[in-house]
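Please see the structure below; I have some questions.
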């Protein structure tokens, strides 16, 4: 059988497929064998309890959806007492996704979670708004990103994954800042800022007016971001955005991703991650690939292109 | 009958619907009555003849397409001698879209085209790469944008429309820079940088590796950009990206657009702009709207939101 | 909870706006489905629309292992669903959510349904019938023609009261008169509602005035329908506290008194 | 050029990979369509896939105002097209592009087609038949079963020569022997090719060696198919210069000698 193992820095995964934070939860264990996944990534946790945003919190778009959940969270205590023990029952490593409003809070939560043996790695959701910077997301500024990552790096020895925001002029610069700060890997990327209006009510379709778009419609944007980051950074990349099937996952790996997160597709078919794994195996068989290392970053005929500029 | 007139600064349009540059050409006069359009916007012109990019130049994505034509152009002489006279036969105003590699070239081309009475306005395609800045697009840097717009402002009295690049961290800052430089209106926006890989050949689906994505899949991103620009800038906005029908056009107007460009949809149905006009009229009738001014920017229940940050 | 490939047995127009669909389950037993629960249905095989759509279970047939749904043709998803033909395979995920509470030995129940809200309440009515609990239903709709499944309810002994907007009989005050008439004369000790905010408010008032056990089935846009995404939240009052719950997991059925309107 | 709502009369499987479709035009006359031209077809009403797909006209029937297409089921678009049923309305845009040049009074033409390339060349064969020009066709395919429309061509007097990959008869050297046999013995003064680069190279060689008039029909991905978007470009040699032309407007038929392989 094909070898699906990949590594994200020091973190060895039995396969490259894992859920994207916020699209996966404990309840899904009733229908999905968590032990078959490369890793487990629960919803981003915050220090304190958060109520989240007003409804409607999602709306559908052509080939995607906008969400504005607002990081509803039960807080760190609940996470440490209930969530982590729940996930530690499974053989797949637990990656804890963390959100916070300030560097201090990121550091505090990261430190506490790092002390838990059951947690294999941390993923920092730096697309969340930095209250100290007018609510602009941490991940939209290279200096803030570097400072944030360095601060968290001080308090943890666990693999530190930074989930980048795609809403930037040059993601390469942010990727390098995270690398500088001491990141071990990069998730590329979170949702794109989007908005939809109901022309009949004239109201925004999302209670919070704007939200993040995910799903197959964003995949071409994400493949480009992965390609760009792969060219400038040495860190392993976890691709994320619009993966619906095995070919989409392979496409991201060819662009440079070592592993792939699946989000919105879980809502469409709750066991889709297992289907994707099967399709990856079929692909490897078809092309006689024995290890996924043979395809990571192996796009052909692509001259080094910085991904800037217009091509119309 | 409903009044569909809108104005883009001093430019009065009989209706808000016009083609997006690069998706419209003289040949379409065989099937589409150009006199019914709000304005005519031919493909971006460059100073000299340009061959464009290698094929394949387009590929399809879920709900969209990537293109990398590479501004194939017959050059300024041909444009002045053949293209402009052709379009001047129609009653709808001609907006000349201009691309260039440097501020000097933008200025030179703009000056020459401005001297032609037949040209009603200029649209600067600032998503094209600035050869002086490592090929980073003009529109990705606020200072460059301001300098470019000011330089062109010196040489023309025609309405000056700046077509912004969506591939930026904060489009509001670029919009204000263009306004500062003396722009009369903003087109929001050009295509998003994207990429797709054929997993069977392992090759990029576009000869140029990366290209710009357009079509319905990007509409929620563009509605958000229009909303953001509308909140910070006083300039009239021309919405562009993913409009397929009348409701899409209305949605952009509610977000703040005074007029709307239609691109990819022309490939799907070459007379779609006329259908869209009819659908706008039907909508106005249904809601007893007598002038489009009643809906421009009239989204309800939207608190001033800067569109930054994450909302997952 | 399972993702099941169910065969469509019928998918018929009931009237201008509503459809009735019956599907056959081949790989598990429908007896585990309970009134109030719903299924998250993939309306079309390609991903346009992308997301599933939630529909309450209208009728559970243990004899032939089939499930029935009633739906309003509304937007892109239900338009695709409407095109699906008998013999085709429908991808359904469920059963999901919690269920109505039926008092065993209850004296009688009153259902107050607006529009397709009766889909959700019918499953309860059929169960009441099995449990020998008398059941009364006020069916409210835009017009006489939009009244749904009156016959099917009557067949199992549910006494129905029809009101509509056209003759004004559906306004809350008129419905109150009908409901009070039933409560006063027919031994009702519980009330269930679905499909209208105005009727929910009325039902709550009645439940307080007449000390009725009261539940409501609510709707909210859903992503996962499995408790993972926090899209489908709703505020509930618990004592002095306002708590946010997920309707797909902690609902769709809630004690009427807890709901924050 | 028009966007037409054509009624599908038939859409049948020819074999494992290919389909034949016939549509009825009601609002204009198909006599304005010429061999070599193509239609840009919306394979599905919803926008998945979004873009139209170009298909050559295979047969023009002036008697009943119908058009016929032959197509290979390849990816998402042709899979949707395959599902379309007789009686449904198909949105087609055309006729587009230029046409083959037929010498009036030509002595004879040789068609060299690979796979579904014969779709494009058949229209020419039928026109040759009308113009009383003898016509010979080499039909190359992966396997015997994949050979298309041999019977239809024979019926109008086209002499066909079948080659395939399975028995090796389709390699360019074998095809050269067949072609030279025809050219030498049957009075041929023109050659037309479509569907294979190897056979195009062979055809060009033959055209040079035997001074044949030679044309080729080419393919490239298309956006607008109306000359507006510059997606479908191809390089042509004009004297010492290389020029870029748009296949949808300046093609799909080109003088074989101008093509840059």
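Each chain gets a letter, A, B, C and D, in the order it is written, and its residues are counted from 1.
Just so it is clear, a contact is a pair of C-beta atoms (placed from the backbone, for glycine too) under 8 Å apart; a residue touches a chain by one contact, two chains touch by 3 or more.
Because the structure is predicted, anything quoted here is derived from the model rather than measured.
A.B. asks: Relative to chain D, which chain has the most distant C-alpha mean position?
C.D. replies: Between chain D and every other chain, the largest centroid distance is to C.
A.B. asks: What pair of chains is linked by the most C-beta contacts?
C.D. replies: By contact count, the leading interface is A-B.
A.B. asks: Suppose each chain is reduced to the average of its Cα coordinates; what separation in Å results between chain C and chain D?
C.D. replies: 57
A.B. asks: Suppose each chain is reduced to the average of its Cα coordinates; what separation in Å results between chain A and chain D?
C.D. replies: Centre-to-centre distance between chain A and chain D: 48 Å.
A.B. asks: At what distance in angstrom does the C-alpha mean of chain C lie from that of chain A?
C.D. replies: From the centre of chain A to the centre of chain C is 37 Å.
A.B. asks: Which integer distance in Å separates the CA centroid of chain A from that of chain B?
C.D. replies: Measuring from centre to centre gives 32 Å for this pair.
A.B. asks: What are the residues of chain B that contact at least two other chains?
C.D. replies: Chain B, residues with two or more chain partners: 22, 62-64, 67, 69, 216.
A.B. asks: Can you pull out the residues of chain D that are in contact with at least two other chains?
C.D. replies: In chain D, 47-48 touch at least two other chains.
A.B. asks: Answer with line, ring, star, complete or other to describe the graph linking chains that touch.
C.D. replies: Its topology is that of a ring.
A.B. asks: Mind listing each pair of touching chains for me?
C.D. replies: A-B, A-C, B-D, C-D
A.B. asks: List the residues on chain C that touch chain D in their complex, please.
C.D. replies: Listed in rising order, the residues of chain C that touch chain D are 46-48.
A.B. asks: Which residues of chain C touch chain A in the complex?
C.D. replies: Checking each residue of chain C against chain A gives 1-3, 42, 47-52, 76, 91, 93, 220-234, 244, 249.
A.B. asks: Chain C touches which residues of chain A in the complex?
C.D. replies: Answer in residue numbers: 22-28, 30-31, 43, 51-52, 55-60, 62-65, 67, 69, 72, 215-216, 244, 264, 266-271.
A.B. asks: For chain B, which residues are in contact with chain A within the complex?
C.D. replies: Going through chain B, the ones touching chain A are 21-22, 44, 53, 61-64, 66-71, 99, 125, 127-129, 134-137, 140, 165, 167-170, 190-197, 199, 201-204, 208-213, 216-221, 223-224, 227, 242, 247, 250-251, 254-255, 283, 295, 298-303, 305-312.
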